[in-house]
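Same chain, two partners: subunit A is paired with subunit B first, then with subunit C.
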Partner chain A sequence: MFSLLSSLRQAPISAQFGVLIILLYLIAMIFAPVLAPYGETDILGDAFEPWSSTYLLGTDSLGRDMLSRIIYGARNTVGIALATTLLAFVVGGLLGIVAAVLGGFVDQILSRLVDVLMAIPALIFALLILTIVGTSTSSLILVIATLDSTRVFRLARSVAQTVVVMDYVEAARYRGEGLWWIIRYEILPNVSSPLIAEFGLRFCFVFLFISALSFLGLGTQPPLADWGSMVRDNATLITFGDITPLIPASAIALLTIAINFVVDWKLHNASGLKDE
Partner chain B sequence: MNSILLMTLKRLGLGIITLFIVSLIIFSAVEILPGDLAQEILGQSATPETVAAFRQELGLNQPPVTRYIAWLGSMVQGDFGHSLANGRPISELITARFSNTLFLAAYAALIAVPLALTLGVLAALYRNSWFDRIANISTLSSISFPEFFIAYILILFFSVNNSLFPSLANISVEMSLSEQLYRTMLPAITLTLVVVAHMMRMTRASIINVLASPYVEMARMKGMSPARVIVFHALPNALAPIINVIALNLAYLVVGVVVVEVVFVYPGLGQLLVDSVSKRDITVVQAASLIFAGTFILLNLIADILSILSNPRLLNPR
Partner chain C sequence: MTDLPLKKRQVTPASSSKKPLLTMRGLKISAQLDNGWTEIVHGVDLDLNPGEILGLIGESGAGKSTIGLAAMGFARNGCKLSGGSIHFDGIDMMQASEKQKQSLRGARIAYVAQSAAASFNPASKLIKQYAEAPVKHGLMSSNSARKEAIELYRKLNLPTPELIGFRYPHQISGGQLQRAMTAMAMSCKPDLIIFDEPTTALDVTTQIEVLSAIRDIVREFQTAAIYITHDLAVVAQMADRIQVLKDGHTVEIADTQTMLNSPKEDYTKTLWAVRNIERQSRSPSINPVNDYILQLKNIDASYGNGTQKVLHDVSINVKRGQTLAVVGESGSGKSTTARVLTGLLEASKGEIIFNGLALPKNYKKRNKDTLRHIQMIYQMADTALNPRQTIAQIIARPLSFYLGLKGDKKQTRVRALLEQVDLDPDKYMSRLPNELSGGQKQRVCIAKALAAEPEFIICDEVTSALDQVVTEGILNLLNRLQQELNITYLFITHDLSTVKAIADEVVVMLQGKVVEQGPTQTLFTPPHHAYTQKLLSSVPQMDPNWLNELLIQRQHEVTL
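Entry: the complex of A and B
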């Protein structure tokens, strides 16, 4: 814990800023019911009330408090993106490592399957599948995790391939260790650091992707508060010069920037590059 | 020369195979639909007779393989079938919209590519200066912005606060080119901002990569100006990754227009796709997905071929 803090003190200002922002979002996620002045789905006043002392950021198209919905939105928007990214990493990472360890037939089948899935633009594919299975939170997570696991698969496979040829893996094989043992104790510890660095970037991508889908009305379904759909529902206000709909959009942008700053710093550290 | 032709043909063959598999996926995606497509569309209140008649009309009572071959055959001939929502022929819906989408993507590309190359070369030339730092931070930020955020900020500044450009990009065939360009200015700028960052970073990185090589040092030592060194010595050798990333971004443009089209109510294919998804108009979604996927695969193919052409070493893999 102490070493983490001291390394953070030496980090560039952008990374410190990023960590601070991420912490703020976590607080908003955990303490949403305490922080929000009103409930997530309570209809309180008229539609599109202006900013006032009762409704700090006004109300939305159905008369719900904007500020409360933005705070609750952190749970839904960030939570769904996090669950999707985790699932994508478990599935894609595991299959990628299995493909690298087993090689041959299994590797060929999995890799060609991933090639085909990646040949279709992700947004189009997601729209196609969501037409068929319908838009619910669970199908959203499953569809996007499947699409995103292809990218994780490629990375995990290529990193694991450099580990598989090592002598200690060969030794473990001659000892007669099983597939799962080799993955768990020989491969995973050696591939985890590039995968963790990739996690931040993939999360940003998934987060933006789900926000875009929600904005199109095909992601998180009402009445759950979600930043993407909040922009869509209140977009008419912009034509009157009201910036309220931009606040949830900037909440998305701010978190992505913060994560990018931290990942940038971590990658810079990991690559061992010195500043010129 | 022969090897180039052979390579192109090989890639083209691979592309066609990919497209074939993609069409198979798009077609069979509907097959895994739980329940019956006809029942799904007509609703629970439909009588068995109407459902049977509708199944007959859609050809659902034939085996999937027969239907797939018939579907693919008519797709290749440009007949996309009929919309389930309003019964109009899909090719009629799609043709004008697809050319609108291509128009917008091309418009954005014409602004974005020269801008990204210039900025990238400048950032490489003045690296670690304030210009480079600002460019670095602002590109990192612009990657992080959702497209609709950029779009609404532009609308707020350019059409609400100062009415310079219209916030709705409703173009039609009768308009003159300049009118069309004027109306689609804001969507084009939005798309430009989205793709420029990636291309610029790649240009900068690949030029800096080459700057360490001996021939660049030689050029410098004989007294060439830094700008000349970069444009005439470093850039040609850094071209392969740059071309690749440009083509990938063009492919992204054709697909990424979906959100931008919805924001600006632009009559393009993306808007049609989103509308059809919410109406669950599956035949239109299939046709639009196939067209998008085809364009995407084609542009990736061109990226592959161009980057091999720009770096002859890739022609003879060891």
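Entry: the complex of A and C
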């Protein structure tokens, strides 16, 4: 913990800013019921009430408090994105490393399967499948995780391939070690830094992807608050010169930027470059 | 090869009216480590007269390359010139602007790197890369540069000088590439060339060609040079004066003859002594004459599904408790033989007999006990140790995997193994491999092999990435362990002085075939097989006239 803090102190200002923002979002997620002035789904007043002391950011199309919904939205939007990315990394990362270690037949089958999945534009594919299986939260996570794991697979496979040719992996095979041991102790520790950096980037993409799906009506379903659908529901306000719909949009933008700052810093460290 | 210079060039005495070309005074260089800046070169003085060749020698980590680069006013990424002065022909390199220094680099100071293969742009033809510097510095047109390139290629004895420039770097051999790089350094007729270990990565027979080519051309153009190496015998052929470095300090400076004949400092003497370890033959009475631990019988092997055959009918016998050295130049099939033996490469024909039993040719079909008894130590300790595991974890794995040791017993054994390879357990157990020096890493690899309690260890060029002092330590360690534990070694190397130091028997390989096999003593006494003769005579000797004499002799043989 201490070393984490001291490395953060040496980090560039952009990374410190990123970490700060991420912490703020985490606080919003965890303490949402305490922070939010009203309930997530309570209908309180008229539709589209302006900003006032009662409703700090006004109300939405059904008369629910905007501020409360933005705070609760962090839970749903970020939570689903996190679960999706984690699942994508476990599946894609593991299969990618397995493909690199075993090579040959297994590698061919997995890689071609991934090629097929990647050949279809992700958004259209997701829309298609979600229309078929329905838009429950769990199916949303499963579908996007599957699609995203193809990208992770590609990266994990190529990074692991550079490690597989190392003498220490050959030595482990020659020692008679099993597949799991080679993956867990010889390869995984050596591919973790690019994978962690990619995790940050992937998380942003998944996050934006879910927001886009919500905006299109296939993401998180009402009455759950989520930033993508909040933009869609209140978009009409823009035409009246009200900037309220831009607030959930900028909540998405801010988190994306913050994560990228942190990822850039981690990538820079992993590359071993030193500043003059 | 015509008109060889037979005499050593007259060295301009330092006292002459000529001004020195390069002077360094109290040069200090710092490197950025995890906890701030640490000084790695502590005030080195260096003088170089026009046309003189200065040899910089020392172990790895002595600061040779860093000082060489500093002569160009350049510090590697993560390093900085932190004190002292560097003057090149009156120009203060510490104060000069980056632009000023860039106009000197290439034009008046050139650099030849250790790995030519990594320094050329792989996507562009040699001659185009040759012409780059002279054209950029506005010295000549692209056409005349190309004409000169062909002339220089001819002088450096490159094959088909008219055409070789139109090849890409990967299309020519390592030795040729190193000469092409020397030609490139020569392109602007610089006053100073820095050679950073240009022959270290080459095998002995290729090294000769590159050395003689470099020497002739440097002398012809009267170029001053700094020749960086850790091989004394090489520097003896090249340099007028030798400066010995250790840990960023100058140990001794003297002209080549004096330095070779009467070194003053103790450290210099230890450098000299390394070449003279000789193995005491183990008395044959311990080992019955025909107690073979391992036999390879008529092995054929190939890469790429049988398309490229690399081993032809190889038969090798290894006696129990002895060391068998396999020598040959790169590409002779030495390492392939080791891979076949371990089963990592499946032999297409022949038999591998270990302790009287035929082994399966694929390691996956061998049982755990067989795998345990044949251990392998790799050439590059860097890639043979997992960078994310501590030394204790690395050594403990074979203990728990093969021998089922656990807990305290395992820890005690790890400590004992580290002590056996002369590493302090308290200091090193919790370290990661990249916190160790090259020699220490190789010791960890040895400890890891010993952990399996094997009968047979394959050492694949284990010392070729190390400098001489460290090599001596490793070879002595291997000899001692053999006596204590009665292990048999198969020792692969291209360095014949290593063979003398460790082997009881030698196998000479050439183009995938065994040329000669016999006891070390016999092999080093004439008559030799023609190839063995060539290999033996290519090993650099400490005599500064050795290269001259060898070239004359070889030329003589050709004309006969």
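Operating definition for what follows: the second predicted complex is superposed on the first by the 273 of 276 C-alpha atoms of A that agree within 3 Å, B and C clash if a C-alpha of one lies under 4 Å from a C-alpha of the other, contacts with A are read in each partner's own complex, and residues count from 1 in each chain.
Here, a residue touches a chain if its C-beta (ideal position, glycine included) is under 8 Å from a C-beta of that chain, and two chains touch if they have at least 3 such contacts.
If you're wondering where the values come from, they're calculated on a predicted model, not measured in any experiment.
Participant: Per the contact definition in the header, classify A:V90: touching subunit B only (first), subunit C only (second), both, or neither.
Facilitator: Touch partners of A:V90: none, neither subunit B nor subunit C.
Participant: If you stack the two complexes on chain A, which partner ends up touching A:L216: first (subunit B), second (subunit C), both, or neither?
Facilitator: First partner only, subunit B.
Participant: Check whether A:R175 is in contact with subunit B, with subunit C, with both or with neither, and answer first, second, both or neither.
Facilitator: In the superposition, A:R175 contacts subunit C only.
Participant: Of the two partners subunit B and subunit C, indicate the one touching more residues belonging to subunit A.
Facilitator: B
Participant: Now for A:E186: first (subunit B), second (subunit C), both, or neither, which partner does it touch?
Facilitator: Touch partner of A:E186: subunit C, not subunit B.
Participant: Considering only the touch criterion stated at the top, classify A:L128 as touching first (subunit B), second (subunit C), both, or neither.
Facilitator: first
Participant: One more residue to check, A:D167. First (subunit B), second (subunit C), both or neither?
Facilitator: Touch partner of A:D167: subunit C, not subunit B.
Participant: Which residues of subunit A are in contact with subunit B in one complex and with subunit C in the other?
Facilitator: Common interface on subunit A, subunit B vs subunit C: 276.
Participant: Which residues of subunit B touch subunit A in the complex?
Facilitator: For subunit B paired with subunit A, touching residues are 18, 21-22, 25-26, 29-30, 32-33, 128, 137, 140-141, 143-149, 152-153, 155-156, 160-161, 167, 251, 255-256, 258-259, 262-263, 273-274, 276-278, 280, 282, 285-286, 288-289, 292-293, 296-297, 300.
Participant: Within their complex, state which residues of subunit A touch subunit C.
Facilitator: Touch residues, subunit A against subunit C: 166-168, 170-171, 173-177, 185-186, 189-190, 273-274, 276.
Participant: Mind pulling up the subunit C residues that touch subunit A in the complex?
Facilitator: On the subunit C side, the touching residues are 32, 77-78, 80, 342-344, 363, 368, 371, 376, 378, 380, 383-389, 397-398, 401-402, 452.
Participant: So in the complex, which bits of subunit A are touching subunit B?
Facilitator: These residues of subunit A touch subunit B: 14, 115-116, 119-121, 123-125, 127-132, 204, 208, 211-212, 215-218, 228, 231-232, 235, 238-241, 243, 245-246, 249-250, 252-253, 256-257, 260-261, 264, 276.
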